[in-house]
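Please read through the structure below; I'll follow up with questions.
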Amino acid sequence: MSENKSRTGISSITPGEIRIRGYNIVELMGRKSFAEVAYLVLKGQLPTDAEGKMMDAILTSSVDHGVTPPSSLAARTVISGGNPLNAAVAGGILTIGDTHGGAIEQCARLLQNYAPKIGEPSEVAAELLADLKTQKMRMPGFGHRLHKTDPRTVRLFGMADELMFSGNHQTLAKAIETMFKEQGKSLPINVDGAIAAVISDMDFDWRLGKGFFIISRTVGLIAHANEELAREKPMRELGISDYIYDGPPPQKLED
Amino acid sequence: MSENKSRTGISSITPGEIRIRGYNIVELMGRKSFAEVAYLVLKGQLPTDAEGKMMDAILTSSVDHGVTPPSSLAARTVISGGNPLNAAVAGGILTIGDTHGGAIEQCARLLQNYAPKIGEPSEVAAELLADLKTQKMRMPGFGHRLHKTDPRTVRLFGMADELMFSGNHQTLAKAIETMFKEQGKSLPINVDGAIAAVISDMDFDWRLGKGFFIISRTVGLIAHANEELAREKPMRELGISDYIYDGPPPQKLED
Amino acid sequence: MSENKSRTGISSITPGEIRIRGYNIVELMGRKSFAEVAYLVLKGQLPTDAEGKMMDAILTSSVDHGVTPPSSLAARTVISGGNPLNAAVAGGILTIGDTHGGAIEQCARLLQNYAPKIGEPSEVAAELLADLKTQKMRMPGFGHRLHKTDPRTVRLFGMADELMFSGNHQTLAKAIETMFKEQGKSLPINVDGAIAAVISDMDFDWRLGKGFFIISRTVGLIAHANEELAREKPMRELGISDYIYDGPPPQKLED
Amino acid sequence: MSENKSRTGISSITPGEIRIRGYNIVELMGRKSFAEVAYLVLKGQLPTDAEGKMMDAILTSSVDHGVTPPSSLAARTVISGGNPLNAAVAGGILTIGDTHGGAIEQCARLLQNYAPKIGEPSEVAAELLADLKTQKMRMPGFGHRLHKTDPRTVRLFGMADELMFSGNHQTLAKAIETMFKEQGKSLPINVDGAIAAVISDMDFDWRLGKGFFIISRTVGLIAHANEELAREKPMRELGISDYIYDGPPPQKLED
């Protein structure tokens, strides 16, 4: 049985003490933000202040996108069937696949495979797009059904510049966007592509890509499930093509 | 069909603009922490600085508890079967029921029902415990199979005192703990009970109780699924009764 | 560790031999129907021929109900997000809660608690309904949003009569329906209530109630997920309030 | 909105009438077995008697394999956390991925791609294995960690011969097995591979492959969840490497 013995490098738990990647959880509480702790758990080391800020912005960027995404619909549908909150959130997270949130993982994998190649960014971008064409695949993380320019991309890339995180993955992503534009295609980097590029420049493994989206959107899913429970009758006919926003009016964030 | 029209007060989405509870997501990014944004999404309004700090500590407190909890085991089992990361996280979240994480919801409900009653805390605590006894129910959120005193409870209550969040729900929880001690029972408030008391004093609806645990633990589940994928063979015989920690040694958090 | 040793009475597995409740699976294959084997797995013993027939009819009765139930919608939503078939089915099954399919479990529990009471069926029915009124609960398994008389109920009860399975649980269910009618309420026994009464008369534990629905509907969910994949674009705007049937026209079952 | 209108060919539902692929559900109940109805739902037409028998055997073959598979462990873990039966089954089904049950889908896809090729079965088998070698992939559906010869394979292929379902997919699968043997590899066709070959000869799309396993194993998962609930304490330390069978002793199936 010894060969089955689990090994883990995430936490060590002893009576009265919980250590996360070596740090006492009690010391982390109150001194590190949750985003910094999430970085620690996923990366194995604490972030710098700049990395922590970037992490906060990444997690904020995908926190919610209304009732229309599949994940909101599924979470509402599960709770509407008379199930507990955790089942509703699980139902929502189940939808986060290749065509919903999954682009982060796929885009990060491509960027991490091609960015290290030698050559001008435009040449590497051309090679990547040619390879995808051969495989009859589309470039994930570009284009959005609603947003012509994704405001979250602009903000993430702006923060990455300010905090000095822009590296060759972001450069490659921008070169791909330029190439699309030259080909007359309107396929701007969307929020999935932007997160993929930034986490790649922060040296996260692409296999964790979907994880950032999941952590972030879980918050929105809880709110949707709770709103459905509080406001609607069980087992109503759920549809997403038509809805009304009746929350707070636009507000300015005070300094 | 108009009666089926969904209404939502969470986000409004228009081309080029995403507003969360009225705030432009682009303004939130970089200026508010993810924990503050989570508070905004769940509560409908921005937290004060003190509330934001408390939120960070609450979410940090449950971020991981090693490989033994049902949620870690389920997440590892699902990814071990050859499934995507989102399915593994969903599997983990499915386990978060009445006996795992669910105590937050149940404990918060009881505290919110009894704390408003008139009387000395010890009298209200006695009434609550007597009522539970009649229904042959145990008080959720007290006692831990491993930790005699839960260090996370001490830290959360300490921070709540410092940040001036201690209210009558924490007072009632402490009165219950005292009553158990007087009865010779070692049933200290565990982290679930502490979160239940603090979020109740922060005026969150008990129905959201499990949500705080879910947001928090999702981070740990992603790390466990990723570790399983990176280190272990698919479909190994997973067991949790025996495991070895081989991560970083204890580390001191620098100031 | 010995106290953690799992015990199971379901199957015994040794190299080259799989026994289900004591029976060699190879002998069951080809000689017993899947419905009979399902009965064996759930009950621990083989059904009589009549019980096997009833099991087939019960499982057939809930195999599908179109695209509008929450489970169909969730299964389609998950696969539409770019996920594997098993995740889609899991998403669908997650919705099968208190207000969708869950009535079998709840109705069976009530029937099993009250049917053994001494007295005329109408008296026991009156007592049951009075108790529910005190608890402000509705009787589960009665009434349907679409079907005035549920044709599946008529068929299940008819078969139970023919096959001589009608017992005091079905009698009680019918007494409740009569009582509703006398009160001027149109709340006929729906398929959930009928299954609840029949499996109770077949001596199944009410805790398995939802299980019959889950086994049955899993077939429909696979068909819905597969149809969505084959016919629709990923991440379309799924709505259920409006749809068109374009399958085979009505057909007569040949003898 | 009209382009979003759902179309479905599975069922048509009108007040008082439910038709499955054109057949009135009430006529199917009592006259067709559940396995035959499952065939109808998945294939769009009723099976012949022989096809119905084969379907019963296929669904029986995977109904349970004890407590050690990931799906049993996950179902037990979810219900052990204090969750409803449907969440436990969903957790179990989530594990049914590429390395657990998923081989049916993958094997059926390969068989359906290569079986139509012109040439001796041994030549086609050699081509298939050479192509897999180039892609550094293993042939799914062959070899079993426990069973040297999978008794379920022997039975399924035997029945297919008797019922005259043996076609070129089974021939190709057997040619692959022979080739492995000639190479000195003990990789007999396992139950996943056998189901893949038989459903391919029955003309089912490989995309439905995992579906047969899911329908079948759902029954076992319900039994495991129910046994866990009935026999064990909540949130026990679940492990699968060691367990005891304490069910009925070996029994002979009476004629």
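Think of it as A, B, C and D in the order they're written, each chain with its own count starting at 1.
Everything that follows uses one rule, which is that a contact is a pair of C-beta atoms (placed from the backbone, for glycine too) under 8 Å apart; a residue touches a chain by one contact, two chains touch by 3 or more.
Keep in mind the model is a prediction, meaning the values are calculated, not measured.
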Exercise. Determine which of the two chain pairs, B-C or B-D, is joined by the larger number of C-beta pairs in contact.
Key: B-D
Exercise. Just send me the rotation angle from a CA overlay of subunit C on subunit D, rounded to the nearest 5 degrees.
Key: 180
Quiz prompt | Inter-centroid spacing, subunit D versus subunit C (mean Cα positions, whole Å) | solution = 22
Self-check item: Computed distance of Cα centres, subunit D from subunit B, in Å
Solution: 39
Quiz prompt | Where subunit B and subunit C are represented by their mean Cα positions, the distance between them in whole Å | solution = 35
Quiz item: Which residue numbers or ranges of subunit D touch two or more of the other chains?
Solution: 1, 4, 68, 83-84, 86-87, 90-91, 94-97, 101-102, 237-242
Exercise. May I ask you to sort the chain touch graph into line, ring, star, complete or other?
Key: complete
Quiz prompt | Residue numbers on subunit C that touch subunit B, as the complex places them | solution = 1, 4, 83-84, 86-87, 90, 94, 241-242
Practice problem: Show which residues of subunit D lie in contact with subunit C when the two form their complex. | Solution: 1, 4-13, 15-35, 37-38, 41-42, 44, 53, 55-57, 59-61, 63-68, 84-87, 89-91, 93-97, 101-102, 105, 146-149, 151-152, 154-156, 159, 205, 207-208, 210-211, 214-216, 218-220, 222-224, 226-227, 229-231, 236-240, 242-253
Quiz prompt | Residues of subunit D touching subunit B in the complex | solution = 68, 70-71, 73-74, 77-78, 80-83, 87-88, 90-91, 94-102, 234-235, 237-242
